[in-house]
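Look for chain A in each of the two complexes below; its partner is chain B in the first and chain C in the second.
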Partner chain A sequence: MEKMVGQRIKRKEDPKLITGNGMYLDDMKIPGLLHASIVRSPHPHANIVSIDKEKALKHPGVVAVYTGKDLEGKINPVPTSWKVPGMDLIETKQYPLAINTARYVGDGVAMVVADSKYTARDAAELIEVDYEVLPSIANQKEARKDGAPQIYDEVPGNVAFKYVAGEVTDEDLENAEVVMKGSYNTQRVAPSPMETRNSLAQYNPGSGDLKLYVGSQNPHIHRMVLSEVLNFPEHKLHVKVADMGGGFGGKIGVYPDEALVSYASMDLKRPVKWVETRNEHFQSANAGRDMMVDLELAGTKDGKITALRAVNHANIGAYLATFGPGNPTIDFGLMLSGAYKIEKAQCTTYGMYTNTMSVDSYRGAGKPEVTFMLERAVDDFARKINMDPIEVRRINFASKEEFPFTNAQGLIYDSGDYVKALDRAVEKSDYHALRQKQEELREEGRYIGIGISSYVELSGFGPSAVAGAIGFQGGIWENSTVRVHPGGTVTVYTGTSPHGQGHDTTFSQIVKDKLGIPYEDINFVFNDTRAVSMGWGTYGSRSLAVGGNAVGLATDKVVEKGRRIAAHLLEAEVEDIEFEEGVYSVRDDNSRRKTFQEIAKAANFAWSLPEGMEPGLEEQTFFDPSNFTYPFGTHIAVVEVDIETGEIEILRYIAVDDSGKIVNPTVAEGQILGGIAQGVGQALWEGVQYDEKGQLQSGSFMDYAMPKANFFPKIEMEFTETLSPVNQLGSKGVAESGTTGSIAAAANAVMDALAPLGVKHIELPLKPEKVWRAIQKGGAES
Partner chain B sequence: MIPSQFKYLRAQSVEEAITMLQETHGEGKILAGGHSLVPLLKFRITTPGTLVDITRIPGLKDVRIDGDRLLVGALKTHYEISKDETIIDNIPALAKTASETGDLQVRNYGTIGGNIVHGDPVADYPAIALALDAELKVEGEDGTEMLPVDGFALGPLITMMPENAIVTEVSFEIPPAHAEQTYLKYTHPATGYPLVGVAAIAGTGDDGTIDYIRVGVTGVSDVSYRARPVEEFLMGREPSEELIKEAAELAVEDAEMGSDLFASPEYREHITKIYVKRALYEVLK
Partner chain C sequence: MNNELVNVSITLNGEKVSAEVEPRMLLIHFIRDIMNATGSHIGCDTSQCGNCTILVDGRSTKSCTVLAVHADETEVITVEGIGTTENLHPIQKAFWEEHGLQCGYCTPGAMMASIDFLSQNPDPTDDEIREGLDGIICRCTGYEFIVNAVRSAAKMMNDDSAVKGEV
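What follows is the complex of A and B.
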């Protein structure tokens, strides 16, 4: 029978959700449920002089009002979970409600709990907070300058950490034939999942258990961290995730709001729900990117890049987010040289406190930013030495014979064939014909641009020993239990936490191939700390590469136990039992056979088992991979710029990605497609905007431009398959690749279109007005 | 959405709606498609004590011709307008405007009456409504009156709409058959509204000179406007690329440009001229 892995299987998850039978957190109604609304600071930086909650308390339906002072000593600060050794991190205290000082627009200062969400919101407006406004700052480079407003007394110069990876000397640059400098900044973006953040805490005063439903990509991390914040033991804390409408990194973080709701439920002995409004999301959900990067590139006239030296000013916001310190230093800093064999690379990172919302992982988490830097720089370098950008990439790629390949900063890439993906993209796009057409159109006064981006990314988190070495406060192995019921159907438990990705479908395909039972007989349980013993969640494109392989390995163990039972029942040697298509049989005599279902029953009834064997058919695996996986690919974007108005139209988008073994092409393409929309969205439209003092200006979708489906042509996708040697399936991460590759592809296309007009650089996002102004000046953007 | 509390009433007739509004003593608002009102409720920019739902009032979706004017019922949705044959035959630019308003959901719910009476300078309809001397039929406690759209909006969301009254119909001038029509829109990527929307209708007589010209501009400024200097410049002259370019330069005279994170006043002026030029090329080609 044909293997199910590799097939386009329709997603199992969808019928429930599209027929309205899903259960999202905000759908939940529990007897006695109360609703919370959080009062947030309208100032970027202010001392809280006083809070008058009397009017709110008198409002009909209000049950409680809490301020930071009320909670002092009762809830601990929310910590970061990534402390890289050698970064001299100064971690400040993020109290769930600010006690004396609010440090960003959106910093919680009080919480109202009432009998309905409407009452809670009405009462929140009755709380009077007297603020003493303090000097404030939003831009991370400005924040490092002498005389900049200080956000904390204990953090001189607002530097939360400084981290240097690799070494490049001045001589390395000075002695080079070609030296190039550039700034490659990725602006701040808002994660903006369809479903905003939320939590519902239900404390049982009888049992002393606390059940917390929370929009989380990693419920076990939430349990672990909140246990510390709340002084509440892990075994009494049950964290569960309802159906969840997306995360994109914004739901990795453990937030003050979740701790507040939990505290209120324990204090009031009633369930309490909080659902973030969309406007709140712009204020108080961890943002992404916001890295300002200055790069020096050294190379030869014939196209070889010899050294890269970058300084990254990473805006980490007013408080350290859960993964905040890791993204710029590790994910960005160690991937500086990308897919290229560059001898030397150095990245110095300044993690800067500012009066803005915290920055955490956002789809790609450092890799899209570094790919943007590198691929824009490679194009600038190609232009400088007058060489085709395809050629420059080809010259510098690590070749497939060199894998496992050690990059300039010591990361070991598992496998790759970069030329192959590039060649396919060139062929698929008909690159050379495009270049010719570009020439012809220029004659007519029309400007199309072709943008290339070849990326490689660190994904599939990962080996736990490495996690320890880089200061990640947890393991990154994954766990799976395969439980076979007496009738032969199967429930599988995993520690990854799907919220739209399609794990149910793809993981079932893996189990189906191994057990040979009907696909419908396989069920998955995720997102529940009581059902799943332990796990590390879904982010860093790790679910298939780590979690999916754990599922496969646990299933293998089930097959092996079944084989021993079959041998016993069939009175044969274990070595002589074959297992195929769900049937155990004796080699050379397959009339002697037992189906998987028969073995399941025999194992669960345990009437006759091999001597010493325990009853039941259930196996668990803890899979700790030996390395990360490194997916790669080449994207080509073709755009036309209307030089009269600066408007940009995407004419074509070609993506050739390599994520190792593809389990389900439809699901994988969905990931690539969504990822490209996010990356191109960053390049052209999206952007959180603060004024210089940190007042939020993009507070709603009226000002924050999300990409819409009709902004894009049909995305032309294809995969090459270079297997990863670090897991059984040979799979790599796929969920972040689209974003990682696409920011640079789109931006390079626009810069390519404008090159003949003398435009060299425009800051992201490439809004038409900026493009128009750059054309007017025939040079750098104002 | 977490709005402040309000009472909800449903009117079965225009008279009942007016009475219901009177009884709210100025605290009432009309709910039709809701696509302008609901966002304001969400942001708590408006906190009405009562919403009077008029969507079930019969007879407010008719389209008919009366002499040289086309009359459209105020409750007609954008989708219905985009598909209405009488409208397509007589004022195709109105159907085009409707088809480009908002997205599918907005077009299925939003109404022309609600859209115009809202007085939002970034809405689509004002361009064509101003160009074709549209009038609003306003029924209220003092009887029925016709209010011209030109001059109706005084500023963003500030209008001449009297208290305790509702718009029941919108009336447009039907352009002569030989005039070409278009609506050209530069869509704001965040809002879906026009950053600039230009309605242009123009025709030339037997002698080759322009004998009918109307230009309405919306989106860019604090109040949508009729570009009369452009019309006056072109009227009676023979169209040419150069002439149109010159005319388009007059498209921002007297207009007070708005500003947001996406576009500065200077850029708005620039693209208004470009879009007026392109719209005129299209109808005078």
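What follows is the complex of A and C.
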């Protein structure tokens, strides 16, 4: 029978979601349910002089009002979970409600709990907070200057951490034939899952159990961290995730809000629900990117890049987010040289406190930023030495014979064939014809641009020993239990936490191939800290590469135990038992056979098992991979810029990605497509805006440009398949590749279009007004 | 604030329902919180995302933008009223077959908007579909497979009516 892995299987998840039978957090009702609303600071930086909650407390339907002072000593600060050794981190205290000082627009200062959500919001309006406004600052480079407003007394110069990875000396640069400098900044964006953040806490005063439903990509991390924040034991804290409407990194973080809701439920002994509004999401959900990068690139006139030296000013916001310190230092800093064999690379990162919302992982988490820097720089370098950008990439790529390949800063890439993906993209786009067409159109006064981006990603998190070495406060292995019921159907438990990625379908394909039982007989349980023993969640494109492989390995153990039972029942040697298509049989005598279902029953009944064997058919695996996986690819964008208006039209977009073994091409394509929309969105439209003092100016979808259907052409995509040697499937991450590859492709295309007009640089996002202004100034802009 | 409750009666997915509610109550809250039809979702607070889109008297409507009282005496259809798992509406079938959803949160709104769009333009081009989806924000799919789904649903519905025409 044909294997299911590799097939386009329709998703198992969908029937309930397309019929309105999904159960998202806000769909849940519990008797006695209360609703919370959080009062947030309208100032970027202010002392809280007083809070008058009397009017709110008198409002009919209001059950409680909490302020930071009320909770002092009762809830601990929410910590970061990534402390890189050697970064001299100054971690400040993020109390769930600000006690004396609010440090960004959206910092919680009070919480109202009431009998309906309308009442809770009415009462929140009645809370009067007297603020003493303090000097404030939003820009991370400005924040490091002498005389800048100080956000914490204990953090001189607002530097939360400084971290240096790799070494490039002045001589390395001075002695080079070509030296180039440039600034490559990725602006702050909002992850913006369509379902905002939320939580529903239900404390049972009888059992002492606290059940918390929360919008989380990693419920076990939530349990671990909240247990500390709430002084509440892990074994009594049950964290669950309902159907969840996207995450994109925005729901990795453990936030003050879920701690507050949990506390209120314990204090009031009633269930409490909080659902963030979209406006609140822009204020108080972790943002992404916001890295200002100054790069020096050294190379030869014939196209070889010899050294990269970068200084990254990373805006980390007013408080450290859960993974905040790791993204600029590790994901960005250690991937500086990308897909290229460059001798030397150095990245110095300044993690800067500012009066803005915290910055955490957002789809790609450091890799899109570093790829944007590097691929924009490679194009600028190519232009400087007058060489085709495709050629510069080809000259500098690590070649496929060099894998496992150690990059300039010591990361070991598992496998790769960068030339193959580039060649396919060149061929698919008909690159050379495009260049010719571009020349012809320029004669007519039309400006099309061709942008290339060749990326490699650190994904599939990952080996736990490395997690320890880089200060990630947890493991990054994955666990799976395969439980076989007496009738032969199967329930599988694993610690990745899907919210749209289709794990139910793709993981079932893996199990189906191994057990040979009907696909419908396989069921999955995710997102539940009581059902799943332990797990580390879904981020870093790790679910298939780590979790999917854990599922496969646990299934193998089930097959092996079944083989021993079959040998016993068939009175044969274990080595002589074959297992195919769900049937155990004796080699050379197919009439002696037991179906998987028969073995399931025999194992569970335990009437006759091999000597010493325990009953049941249930196996667990903990899979800790030996390395990360490194997906790669080349994207080519073709745009036309209307130089009268600055408007950009994407004419074509070609994506060739390599994520190793693809389990379900349709699902993988969906991941790439969604990723591209977010990356191109960052390049052309999206951006969180603060004024210089930190007043938020983009508080809704009216001010924040989300990509829409008519912004894109049909994406021309395909996969090459270079297997990873570090897991059984040979799979790599896929979910972040589209984003990582696409920011630079789109931006390079625009800069390529404008090159003849003397425009060399425009800050992202490339909105028509900025493009138009740059065209007007011509070379003067750069 | 006027706290006096008012009666709102609508036909929800073919069934007459009514309740006394605050006059300021949004239609989406009436449907979700009072009538427990939670298939329609809320994705923003400024009428951009269209995740709450339903049909009011046959036309697609962002139900976060309408007060429940405004919908009094109307016929409302939500995702729960277009098909069942045993008997899917062509738009549901097409979203499933074409992988038109990932997290599924915007999906009910996107499907309801598409039903109205196809009733206005039964044989659209891809560009017209992309324009027709302007009222919907989806963060997962990059829209391409939603476009494929709407095109596929159009074909199914056209083939369907062609068959019925012959009978």
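The definition used in the following text is that the second predicted complex is superposed on the first by the 779 of 782 C-alpha atoms of A that agree within 3 Å, B and C clash if a C-alpha of one lies under 4 Å from a C-alpha of the other, contacts with A are read in each partner's own complex, and residues count from 1 in each chain.
Simple rule for what comes next: a residue touches a chain if its C-beta (ideal position, glycine included) is under 8 Å from a C-beta of that chain, and two chains touch if they have at least 3 such contacts.
On a predicted model such as this, the values are computed, not experimentally measured, just so you know.
In the superposition on chain A, contact of A:500 is made with chain C only, not with chain B. In the superposition on chain A, contact of A:22 is made with chain C only, not with chain B. In the superposed model, A:326 lies in contact with neither chain B nor chain C. In the superposition on chain A, A:767 makes contact with chain B only, not with chain C.
When the two structures are aligned on the shared chain, A:676 is found in touch with chain C, with no touch to chain B. In the superposed model, A:11 lies in contact with chain C only, and not with chain B.
Shared-chain residue A:118: touches chain B and chain C both.
By the document's definition of touching, neither partner reaches A:299: not chain B, not chain C.
In the superposition on chain A, contact of A:701 is made with both chain B and chain C. Contact comparison for chain A: of chain B and chain C, C touches the greater number of residues. Where the contact sets of chain A with chain B and with chain C meet, they give residues 118, 122, 277, 279, 700-702, 706, 708.
Interface residues of chain A, counted against chain B in their complex, comprise 117-118, 121-122, 277, 279, 644-645, 647, 685, 689, 697-698, 700-706, 708, 711, 767-769, 772-773.
By the touch criterion stated above, chain B contacts chain A in their complex at residues 2-5, 43, 103, 186, 188-192, 260-264, 267, 270-271, 274.
Chain contact summary for the complex, chain C toward chain A: residues 1, 22, 24-25, 32, 36-46, 48-49, 51, 78-80, 83-85, 88, 92, 95-97, 99, 101-108, 111, 126-127, 129-131, 133-134, 136-147.
Residues of chain A touching chain C in their complex: 10-11, 13-24, 26-27, 29, 118, 122, 192-196, 243-246, 248, 277-279, 499-502, 666-667, 669-670, 673-678, 700-702, 706-710, 712, 714-715, 738.
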